[in-house]
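In what follows, chain A forms one complex with chain B and a second complex with chain C.
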Partner chain A sequence: MIRVENLLYSYANQGVPALKNISFKVNDQEIFGFLGPSGAGKSTTQKVMTGILKNYQGSVTLKGREVNNFNKQFYENIGVAFEFPNLYLKFTALENLALFASFYTCEKYDFQELLSRVGLWEDRNLPVEAFSKGMRMRLNFIRAILHKPKLLFLDEPTSGLDPSNSRMLKDFILELRDNGTTIFLTTHNMTDADELCDRVAFMIDGQLPVIDSPEKLKLQHGRKTLKIRYKADMQLETKEFSLHGLGSNNEFLQLINHNEIETIHTQEATLEDIFLAVTGKQLS
Partner chain B sequence: MILCSILSIDFLAIKFRRMKNSIIKNTAQLLKLAHFDVLFQYKQGFYLVYAILTAVYLLLLFYLPETVRPEVAAYLILSDTSVLGMVFVGALVLLEKQQNVLQSLFITPMKLSTYIFSKAISLTLIATLVSSAIGFIPGAMLDRCLSMLASVILCSLFFTFLGLGVSSRANTLNEYFGGILLAGLVMVVPLALFFIHPVLSMIFPINAAVTLLITPATQQTLVSNIAGISVLICWNIVAYRYAMSQFNKNIIHK
Partner chain C sequence: MTRDLYLIKGDLKIIGRDPMLILSFVAPFLLLIIALFLFPIVSQLSIKYFSLPLDSYFLLGSFFFFSLIPMLFGMIYGFILLDERDEGIISYLSITPLGKSGYLRTRMIIPVLASLVFGVAFLILTGFSSLLNWFEIIVITLIVATEAPLMLLFLAAFAGNKVEGIALSKSFGIVLLPVLIDYFTQGNWRWILSFSPLWWIERAIFSLQEYRWLYLAGATVFHGFIIWLLFSRFERKMQ
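Then we have the complex of A and B:
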């Protein structure tokens, strides 16, 4: 779906390039996570990919066609939900959807279906200025997908959402992927990236040192050990065992057979740990 | 030979059909967006402000002697379409910037030209309604209603384009007012030329608009009206191109 090769981009007033020869590809029906701290170049990459920034070097193709050569029809196939809601505050939820829907000629979702799905149908006639941040984020999300885009750009989609709405939105994103949408997700949120992304790329200072699936990264960078918390003599104790030969490890078998176990966890790395290890920088 | 002719006629017919469909599609999109712009202006209270101003203008004109009514009406209409038009278009764009909607508008299939024309049409609609209310009161401009409407529409479009160009650079009302004050001065200064060389001064938009407004029907000629309208159309093209380039530079490809 997307192929980026040796992408180099410099802003006119800055000496150092914002993007330094980055290359990656995003497959059809994949959720590709772009992780990195503020100023790393994530937004610049997204702006190039959405055709906003034109004067780049290298190649950015969508379905084999260079982004620079796309006309306005190009936007019939893409949807973008920015980190901060982009909505007319005096308009109602329905008016906002109707305004944006008027730009597209392609097939669209039914507004009632979308609003009901994100729990906003009852509030459809309220002006957006009366909405909470979470409600605005949900409306912003459905505004971006109302024209059934084949390629969806999401920037911190769960920011400001309570846990239940965050879960609902993540399920919605996974459903879109399963129904054929390719999703480019920009986030600081490691839990979101871990739960949603088929592959992630770490961006730091305009470069991409790592691109892989979260599962593989966690296995590569984790310790192959198991940590057990258990009660012994009314005291809470912790012990770590190597996964190698665990089934025949007598000490481990004794422990689990004769003690009250509180928790057992394998010690794979979190994405946050891996990001820190690879880039030397914190994500947030 | 005959086959070639048939093929070229077919080719032209296809091109014509495509062009017609494209025009219908773009016009439909423009009208839809203009509808939402009017709704936005209404919800932001612009129509209330215009209604109050119109009521004040009408009261003022009713109490003025009929001898000065046309001139005062002309200057009220001119200030309404130029100053208010520019202030309102600036406020519209700044509100859209504040609500972060511009970036999402321009990553849709909607063209920049549709956005610019929609703003211009919606504001020109309200300016025309207000100007008609002022101009068509007894003793004002009933005798020259066509030249008045032409002046109002072209002047309003021109100042909206100009205001759009300036507002694309501004992030605050103060920055915007600084910009339109400068643009306004550049536009108003040529008015002085009117008293030195009335014919030559017609090449400036404000002078052409004033001439169309204040010249009584008995003194108007077809040539002078066509000249005034042509000047305003030319300035509109310049202002439209300015608005397009400034939006491309300051908003879309920023």
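Then we have the complex of A and C:
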């Protein structure tokens, strides 16, 4: 479990703290999403949690151990995929995996299995500098999990991926969670967050005004209405009905019985809408 | 230690795929060949045709080459470090069991060890054993070998990227100039040249033997101080 209590962090040359007394916990085998626009403090939080940034105030414990007291061995349990794929560009995909794997003594995945899973096996002997952004992101992801970490930190994992690879990667992430990995995901992609996260936290200006599951948030903030588009006298019309008593709403029943229906949608709030409503700020 | 060895294995791959690093890696061997074979031939020809003995100048030339060796090894590792910093690899290594300290340890120690082995061989093969005893050779080479992390940290502390690093590595050659001036001039004013770490070593080798250990002590303190300054700046830049 990850537990963060009253975390305060300031960069050396900045007066305003980047993180202002934030507290949250991440349960085992959970995907916890950290959502917010660029510069909100998401990456800073991840850097503190992985021990890259020291000198924080408050408490950050991973598996009961304070981050400041990490020894090198503890990193056998942690995998990190940064937003920008930091790989040896002159090395091939296979050489990159082999070099980084050599730093770990724990059990590792088979490279062929990993590379095949993300569609890079055919390109395994190409230097990474010849890879597209999407290929680098996929390699970056498998590099983070090759030592089967129990805690996985992902920063914008689907950035630069086409829809099919994005789907493949998201399925992989869900599978890792189901197999026991705890995942901390930072993103400003609300679709990813909605699909992947068991709980999300909204981060804005170094603070966390909301922490809850996407489902609960959508229920809390959504309008319980149904929007219907239909054709009437060759014209496209739109009408909205309350979900309450919909089955006995004569106007609604008349409309669907006597008109050609184009679309029907319930008016649930999206995470993007909720973020805007709660923080007053757009995500991107 | 095993992790460090894997990193070194990776370094050899990096060097082998970069023409500039290959050249820098081969350069110490070329310098040794020049000092070992070319200098004696030119010296003999000079005496034969012009009756001009050049041996003492060639000894200074060999000292120059000897001083360049750690700088070249430091430059190679400095460029590797700049690339790794640009590509965010140092940040990544810091969250692996190798750790940032393990990474920096390897980056600093390997060029020192390479300079030490190569430097001792260089001094013995090029005739410095007539000027210095074994112990002095090892101590002097050890101090000169710290020019390698000095060069590496100089690049890491002041260069924003590899291109700037190449320009800066050329300017580092300025530390060689005081050695030349000191060798060919007289007077106490030459102490102003002591800003060059190599000046202390040149004095230790070429001045009176009674002052040798004094200069070597000064060289040790001076090198240590500069490395500490550069390391502090590098650390600040990494944050």
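Everything below uses one rule, namely that the second predicted complex is superposed on the first by the 284 of 284 C-alpha atoms of A that agree within 3 Å, B and C clash if a C-alpha of one lies under 4 Å from a C-alpha of the other, contacts with A are read in each partner's own complex, and residues count from 1 in each chain.
Assume a contact is a pair of C-beta atoms (placed from the backbone, for glycine too) under 8 Å apart; a residue touches a chain by one contact, two chains touch by 3 or more.
Treat the numbers as computed from the prediction; the structure is a model and nothing was measured.
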Three-chain arrangement built on chain A, chain B and chain C clash or fit: clash
Which superposed partner A:L99 touches (first chain B, second chain C, both, neither): both
Which superposed partner A:A12 touches (first chain B, second chain C, both, neither): second
Partner chain(s) touched by A:I52 [first = chain B, second = chain C, both, neither]: both
Partner chain(s) touched by A:K72 [first = chain B, second = chain C, both, neither]: both
Partner chain in contact with A:F91 - chain B first, chain C second, else both or neither: both
Residues of chain A at both interfaces, chain B in one complex, chain C in the other: 50-52, 72-73, 75-76, 78, 80, 82, 84, 86-91, 95, 99-100, 102-105
Chain A-facing residues of chain B, complex: 25, 29, 32-33, 36, 39-40, 43-44, 96, 99-101, 103-104, 106-111, 252-253
Residues of chain A touching chain C in the complex: 12, 50-52, 72-73, 75-76, 78, 80, 82, 84, 86-91, 95, 99-100, 102-105
Contact footprint of chain B on chain A as seen in their complex: 50-54, 72-76, 78, 80, 82, 84-91, 95, 98-100, 102-105, 127, 143
Chain C to chain A touching residues, read off their complex: 2-3, 6-7, 10, 13-14, 17-18, 87-89, 91-99, 102, 239
